[in-house]
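Structures follow.
Next come two complexes built around subunit A: one with subunit B, the other with subunit C.
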Partner chain A sequence: MITLMQKFIRSIFGDFFGKRKNLRIGLYGSPNGGKTTLANKICVDWLGEEMGSVSSVAHETREIQIKEQVTIKSKGKELSFNLVDTPGIATKIDYEDFIKVGMKENEAKNRAKEATKGVIDAIKWLDDMDVVVIVLDATKDPYTQVNITIIGNLQARDIPVLLVANKIDLKKADIKMIQSAFPQYDVVGISAKYGNNIDEFYESLFKISK
Partner chain B sequence: MLILQFMPFDEIASLSSDKRVSKLLEIVKENKILLLEGRLRKEEEAELIKKTMETIDDDFKGIEIGVIYPKDKDKDFLNKIRENMINLLLGDRRGFTIMGPATIVKEIKQDPNKIQLFTTSYTPKS
Partner chain C sequence: MPHQCVRCNNMYDDGSSEILNGCNCGGKLFFYVKKEALEKKQQQLKLSIEEQQQIEKDVCDIIGVDKDDLEHPVVLDLETVQIIQSGKFHIDLVKLFNKKNPLVYKLEEGKYVIDLAESFKRDNDFKKAK
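Showing the complex of A and B:
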């Protein structure tokens, strides 16, 4: 209710005080879905440089990262936005998982602590997004409470959502599973790592950002 | 031994969002699996994740949570509005929420009509 009121006030007074200059597009999802890989792909394609580091160990992105003034072009159209890469949202973080992949105890505990702060920041930033791309690992069951909570909160805030089924280069990938879990949303299957179907993703970004 | 604690929605109905979330987390931190009648609001679910993250330490590793919620596709427009108003004012008592500590509940798999709960071999300290 409060967020709806905030949105209403913003829509009325936004015009009066001058709207925020740049569209803000956020990449959200669970850890290891490929948010930063997609952010890097977008930045390399349109700015010629990467945005952040990627790793197979979960919670590599533990701080909000912003790339300003990204402009993408397609079929004579242009879309400029600030790209926000967020830490993966999780309901549990166990430092022992990091020890299992070879980290020392102190390093693992630090990473866990930073990761918890990252999740909190990612949730706080939901209110500041104009459009959200939810990056899902297409090889995994999408019907998790984290995904349902993120989508539900965006719906409540009336923020446009695009679902990306990432990792379609992998045999286990199943886009239909994501479509049937969230039938009310458009789903674009891509491989952020290899660039498969990335043009369709950019087209969908234009459509959702209207 | 696993302890499953049932909580009728009435127990949290009159609480503020903040207190609702804190109450549920307190129970889960006692190494119990909580079965709540109904569900939290969307913003409360997000708040629950935030609060969980603030609470994580060497012993408490977070939570697993799942919600079973009936689809209301057969209801007409007026009934949906009426139900949404009631849910907004009194809370949503349909379906149920299950949550437990991540040290005990390894994974919760869910679809709209079914929940599977996988437990770990962890034995809580007495």
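Showing the complex of A and C:
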């Protein structure tokens, strides 16, 4: 209740004093959904530089990454926010999965430990978000425990959500499946890697961040 | 298939006379334990001292405290992050998302670490939200 009042007061008076804190937009989702690829796309488009490294090996992002003061423009409107890229949320992290892709045991165990810490941190940060963009891999089944738990919790916390069906450049991608899994949310199909449909994503970001 | 005495945890093979006559401790109730579950459990219990110490170190790294600063272990009947062995983690997302639950790491059967600072923070946040 207090938080809601604070948000309301801030939205009314914040602009008068020019102190309105920047909107915080968080990218959430399972590992390898393309959160960092999308973060990089946004940062390259509007800041001219990348945000973090990407990899085909899961749990590449293991720490919260923040890019401050990202300003995007669309149809004469402007939106400034702090972009928060979070580690992928998983229910099981096993170092043997990293060994299978050629990592040494110590390195793999360390990655698993850091990835676990990353999941905990990502969830801790959820309350600090004003808007959450959930990045889903459109080639995979959306009915997972991770997706359902994240979306259910965001709904309970009253945080605006935008669903992004990523990897639509791949043949196996199925946006309709995601739409039917979460019909109460807007779903934007994009390819963060190749920039397909990215303008519609920016438009949706404006709508959801009102 | 093995049976386990509810009272003293003793294991008995299928067809053992104790299952018919009662356990040596006097108990007459038994858990029916699936062989796969038992093997899995035995696998977990095979951790060496070094492996157990490594797991404790991993948890301390995750919660950001010095291992020597840890006080006596506290036992609770819930856990948020279960460590099967070093590098293998099971995360209970529902519990982790639930701010009412303290953040508990299960190191092995009966041994847990609780992130007190985070748990108090969660409790305060929860009260504020109310």
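Simple rule for what comes next: the second predicted complex is superposed on the first by the 190 of 210 C-alpha atoms of A that agree within 3 Å, B and C clash if a C-alpha of one lies under 4 Å from a C-alpha of the other, contacts with A are read in each partner's own complex, and residues count from 1 in each chain.
FYI, a contact is a pair of C-beta atoms (placed from the backbone, for glycine too) under 8 Å apart; a residue touches a chain by one contact, two chains touch by 3 or more.
This is a predicted model, so every value here is computed, not measured.
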> Fit or clash for subunit B plus subunit C once both are placed on subunit A?
Replying inline: clash
> Counting only touches as set out at the top, which of subunit B and subunit C does A:A108 meet: first, second, both, neither?
Replying inline: second
> Does the superposition put A:D127 against subunit B (first), subunit C (second), both, or neither?
Replying inline: second
>> For A:N153 in the superposed arrangement: first (subunit B), second (subunit C), both or neither?
In response: both
> Between subunit B (first) and subunit C (second), which, if any, makes contact with A:V54: first, second, both or neither?
Replying inline: neither
> Between subunit B (first) and subunit C (second), which, if any, makes contact with A:K117: first, second, both or neither?
Replying inline: both
>> Touch test for A:I89: subunit B only (first), subunit C only (second), both, or neither?
In response: both
> Just subunit B (first), just subunit C (second), both, or neither: which does A:Y143 touch?
Replying inline: first
> What part of subunit A is shared between its subunit B contacts and its subunit C contacts?
Replying inline: 1-3, 89-95, 109, 112, 116-117, 119-120, 123-124, 126, 145-146, 149, 153
> Where on subunit A does subunit C make contact in their complex?
Replying inline: 1-3, 89-96, 105, 108-109, 112-113, 115-117, 119-120, 123-124, 126-127, 145-146, 149-150, 153
> How about subunit B: which of its residues touch subunit A in the complex?
Replying inline: 42-43, 45-46, 49-50, 52-54, 56, 58, 61-67, 88, 102, 108-111
>> Which stretch or stretches of subunit C touch subunit A in the complex?
In response: 58, 61-62, 81, 86-94, 96-97, 103, 118, 125, 128-130
>> Give the list of subunit A residues in touch with subunit B in this complex.
In response: 1-3, 89-95, 109, 112, 116-117, 119-120, 123-124, 126, 141, 143-146, 148-149, 152-153, 155-156
